[in-house]
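Dropping the structures in below, format is C-alpha cells.
Note that chain A is present in both complexes that follow, paired respectively with chain B and with chain C.
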Partner chain A sequence: MAEEDSVRALSCPACGGTIALRAAGYTVTLACEYCGTLIDATDPAARIITRYNEMQASLAIPLGTRGTLRGVEWEAIGWLQRSDGWAIWDEYLLFNPYVGYRWLIAQNGQWSLGTMLTAAPQRDGPDRVVAGRRFTPFYSVTTARVTRVAGEFYWRVKPGEEVRASDYVRPGFMLSLEQDDRENSWTISELLTGREIRAAFDVDPPPVWIPGMTPLAHQPSPYARRIKGWWPIAALSFVALLVLLTLFGRTMQPQMFSLSVTPDGPTVSQTFGPIVLPLGKQAMTVEAMTPGVEQGWVDIDVAFVNRKTQDSYDAYALNEHYSGRDSDGYWSEGARSQTLKVASLPAGTYDLVVDAQAHHWGSSGNWTFDASSSTYKTEGQPPIEVNLTVARGARFTSNFWLAVLMILLPPLFMLVLHILFENARLAQKDGSPADADDWLRGMEAP
Partner chain B sequence: MQLVTCPTCGAEVAFRSSALPVRVCDYCRTLVVRYNQGAQGMGEAGVLPFDISPIQIGTEGRCFDQNFQIIGRVRWAWDDGAWNEWLMLLADGSHAWLGEAMGQFMALREVELTGSLAQVIRRLMNDTPVKPGESGNIAGQSYEVADIRTVCCIGCEGELPFTAPIGWEALSVDFRNRDGRCASFQKDRHGPSLYVGHHVNLASLQPRNLRPLPGWSLPAYG
Partner chain C sequence: MSRSSFLYALWCLGVLGLYLTAAAQGYSPFADGGRTAGAARAYGPTHK
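Right, the complex of A and B next:
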C-alpha cells in the first residue's frame, strides 16, 4: 500500500525501470532516472511526455541526495538547467514535506539558496524593499529558458519553457521576479558560503575570485570585508609605531659646542670632543643654529670622526637669512637653524669636526676688492656665532612615513582588487549605468 | 457531533461541524448531504490520489487566534499542478480554509462580495480577463494579482460546506500584498466567492497530529 511509505514507485513507460516518486501529490513532472524520459506523474498510467535520452549522471548533487542546510533536512528532487542566452545556470529543487520547497541555484561554481516569497516586495522608486531590505535593479527583463531537466517538479516543466525574469540585488542577496501570462512569482536567493554548501551537499568548493573572472550579480566583494577587517590591525600597528617612536626616538645627553665665523672671512675649522657613543649603533642629531646671520648665509659641514678608525660620518647645513622692505612692506626669508641627522654610528669615541664659512650678500656695508679671488668682499661685519647641539638618537620622519605606508599597503592593494571586482560585477548591470550609489552599496556587508 | 447513516453503504457518518451540510463517507466515498436530521447521497467523490502533504484530517493547531481542527479537504488541479484546500473547523464553530500549494500555506476566511468592490474584482465577476501584477483594494488592503488559473476538483474527503464533485470547474485567482496578506477569488457556475487571510507556515500554526511521513523526521513545534 502506497500510503505506508513516503515514496511511491512508478514503472517508467519507456524503459520499464522502477522510479521513485518522492513528492507525490505535488509532483507533476518526473524524469526517469535511468533513461531520462519525462513522465506525467498526474496520469495514473504514467504517460510519457518527452523522451530525454541524456543521462544525468554528471549532476553535482545526484537527485535523491539529502542534506541539512540551516537546520532543515532537504532532499534534492529535481534539477533543471536554464539559460538567458548569455549565462547558463543550474537549479536544484529541494523538498521537505513539512517545510516545503527551496531552490539551490548554482552558477560559476557559486551556490545560492532560493526561497519563494509569499509577500509582494514593496516598490520604492526603481528599488524594491523586502522586510526593510533594499534591493537595487540589476538585470532588467531577460528571458530565462529551461534547457535541460531531470527529476520531479511541482509544475509541468519542460525544456523550452520560458519566463520573463527581472533581478534586483544587494550584496549577498538577489531578488528575482519571474513572470508568465498566468503567474508572477518572487524569489529571494542568498549566496551560501563554501562551508555551508559543502557541509550540506558535499559539492566542489566555490572558486576564489581572481581578476578576469565574472562575479555573480549579488556576489559580495570578498575584498570589501578584508579591507574592513584590516582597519583594527592598521590601528593597532599605528599605535605600536607611535609607542616605538616615543620610546626609542628620544634624543639623549645633549652636548653644546660653539664657534664664530666672520662673514666673507676665512673658513673656520674646529674640532670638538670627545663624544662617547656607548651603543652598538645609534643615530645622532646635530642642531646647527646661527641666530646672528643676516643678509647672508653660513655653510656648516659637520663630521663625526671616529678617533680609533678615523671613519667619518658627514652632514651639511646651510643657514641663511635675508630681509628687507619693499612696496608690500617688510619681508624676510631663510632659516637660521637646521637639524641634521646622521644614522647608524657604531659605538666608539668621536670628534666632531666642524668647517664653517659665512658670506654676506647685500648693498650695505663696506666693500673691498680681493685681488686673489677677484671678488668684492664686505668688511667690518660682526662675526656670526654658530651654536651646535649634538645629541644621541633621532626621529626619522621618513621612516615613520615608510611604516605608515607599509600599514596602508595591504588595504590599498585590496582596494584595487575590490575596484576590479566591483567593476567586473557592475559591468553586467542592465539599464542605467552603475553610479556612485551602486559602488557604495557594494561596500556594504551582506 | 451528529451521526447519520450513509445512504449508500449504511456505514455511520459523523458530522463534527453543525454548520456543514456535506460529508464524504469514509468507506464508499459517497457525498452525503444532510437535510435536517436525514441524509441523502449526492454522487461519489473522487478517490484522492496519494500525496505527501503533512496535513491530514484530524490535524489540530492555532489559526485566526483560535484552536482549529482539520475536518475536510478538496483537492484542486490545474493544467500543470494540483493543490489542497483543507477545511478548518475553528473553536467558535465557524470554518476557514487552509490552502496548501507548492509547500506554502494560506489561511483564508470567506468574506461577503458586497459593498464597494475593487475594479479588478468587478472585472473578474464579469468574466473580463485580468493579468498577474494588477492591483486593487480588498477589505481595506492593497493587493496584487499573483496567479490566475482555471481549476478542476479532482477529489475530496471529510466534511465540506458544499458538494465537490469530480470535474467541478472554477476560476481561481490568488492575490497577495506586501505584508503577507492574501486573498483568493473563485468563480464557478454557482457564482463568485471571495476569501481573505494571510500566508502562514506550518510552525506558526503550532500543529499537532500532523501526518507522519516515513523517512522524514517530524519537526518539534513550539
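Right, the complex of A and C next:
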C-alpha cells in the first residue's frame, strides 16, 4: 500500500500509455517507457518536451528496479547516456525518499556509485582534497553531452544538453566537476566491486582486465593489491630458503688425498678410498688444489666408482695459473683451486679414481721434441702436487637462486601486468605525462 | 588472506618443498659431472 501511495500515474500525451511517477514532487522530467516521449512532469497537462522515439534501449537496469547498495534500498528512476565524443557511458539515477539521489555510472562494464557533494572540494595546488583524500587531475575540461534519456530526473534534461566536465582521480575514486551556465556541481564516484553491483541489481560483473583493454581513469590496478599482498609471503619464503640453505649446505667428514704430477709428463692415475656413504642419496664436494701450478695447467678428472655396482659419477677440474708483465704492468689469470660438486650419489662404498695430467705453458725450461705426439715438451719442471679434499654434502647455491627466482616469478609477472595496466590507464590522462608519482599512486589502496 | 594470496602461498610452499627435496637428495641441475676426456678444452692464458 505504501508503495502505491508513493507512485502517481500520468497518461502519456503521445501514446496514452500509463506512466508511473515514482518520485512525485521531485521529478521535473520523465520519459514514457512505451514510446520514449519526454514529458514535463511539472506541467499539470503533462506537456511534451520532445519526442525521442528511437529510445528503445535495452537497459542493464530496467527503470523501476530496486536494489540494496551499501545498506540502502535504491530505485532506478532515470537513465541517461552521455558522451564526450570519445567515450560513452550510462548514468542511472537512483532514488530513495529518505536518503535522496545517487548516480550509478556504468562504463566499459565497470560500475561506480556517485554521490553529489554539497560543498566544493579544497584546492591544493593542482589537486583537490575531499575529506582528507587527495585527488589528482586526470581529464581536463571536456564537454559531456546527453545523447539518450529515459525516466525521471530532478532537472529538465533533454538530449543534447551539455556540461563542461573535469575529472580528478585517486585509485577507486573519481571526483567530477560539471559546469554549465547556472551552476557547478561536484560528484564523487566510487568504483563498485563486481560482487556489490551484482548483489544489488543483478547485472553482469565487470570484465577482467587483459592487456589491450582500456581501464577507467579511476580503476585501481587489480595487480597492485596482489603484489602488496604477496611481498610478505615472498619475504617469508626467502627467509625459509636461507634457513634451509644453512641447514642442508654443510659438508662433513672431509678426507684428504694427494698425488704428484710432472708437467708435460704422463697422466697419473690413482685410486683412493674407501669413501663410505651411509645415507640414501647425497652430494659430494671435491676441492682440487694445485698450489704449485704456474705458467701451466692441470687436468684433473675425478670419478666416484661404486665398488658394488661399478657405477661411476664423474667430474672434471682444470686448475691453471698464468702471469706475466706487459706495458700495463703485472698480470695474472687462472685459478689454482676448483671446487667440484657431484650430485645424488646413492649410498654405498666408493673409490675415488683420479686422473691428472699437468702441462707447462711458456718459454722457460728445456724444450725437447716428442715424436709420439709431435709437440715440444719441457723438461726439468718440478712436479706439481694435486691435493684433493673430499667431503660429504654440498652447498648448491644455484638451487637457492633458482628457488628465489621461482618465488619471485609470480610477483614479477604481476608487476609487469601492473605496469601494462597503468600504462593503459595513464595513456588517457590529459596534461603532463605520467611520471614516477603516478606509478606510486597506482599502488595506493583504494 | 585473499584467494590469490593463498594460492601464491601454496606456490611458495611448493617451491620450498622442491628445494627441500633436492637438498635432502643432494640434487642440483647445475651440479658438476660428466667426464670431459676427449672434449675440446681451451688452455693457455687469454690475456690480450
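As a working rule, the second predicted complex is superposed on the first by the 355 of 446 C-alpha atoms of A that agree within 3 Å, B and C clash if a C-alpha of one lies under 4 Å from a C-alpha of the other, contacts with A are read in each partner's own complex, and residues count from 1 in each chain.
Here, a residue touches a chain if its C-beta (ideal position, glycine included) is under 8 Å from a C-beta of that chain, and two chains touch if they have at least 3 such contacts.
Quick caveat: nothing in here was measured; it's all calculated off a predicted structure.
Contact with chain C, but none with chain B, is seen for A:326 once the two complexes are overlaid on the shared chain.
By the document's definition of touching, of the two partners only chain C reaches A:237; chain B does not. Of the two partner chains placed by superposition, A:138 touches none, neither chain B nor chain C. When the shared chain is aligned, chain C comes close enough to touch A:403, but chain B does not. In the superposition on chain A, contact is made by A:341 with chain C only, not with chain B.
Of the two partners chain B and chain C, it is C that touches the larger number of chain A residues.
By the touch criterion defined above, A:79 lies against neither chain B nor chain C after alignment on the C-alpha atoms of chain A. When the shared chain is aligned, chain B comes close enough to touch A:184, but chain C does not. Look at A:359: by the touch rule set out above, it reaches chain C but stays clear of chain B.
No residue of chain A touches both chain B in one complex and chain C in the other.
Contact residues on chain A toward chain C in their complex (touch as defined above): 225-226, 229-230, 233-234, 236-237, 240-241, 244, 247-249, 280-284, 297, 299, 301, 303, 313-316, 318, 320, 322, 324, 326, 331, 333-334, 340-345, 355, 359, 361, 393-394, 396, 398-400, 402-403, 406-407, 410-411. Chain A meets chain B in the complex at residues 2-8, 23-26, 28, 42, 44, 73, 95-101, 116, 118-122, 154-156, 179, 181-185. Against chain A, the residues of chain B that register as touching in their complex are 49-54, 77, 79-82, 84, 102-104, 106, 131-133, 144-149, 176-182, 199, 201-202, 210, 213-219.
The touching residues of chain C, when paired with chain A in their complex, are 1-2, 4-5, 8-9, 11-12, 15-16, 18-20, 22-37, 41, 43-48.
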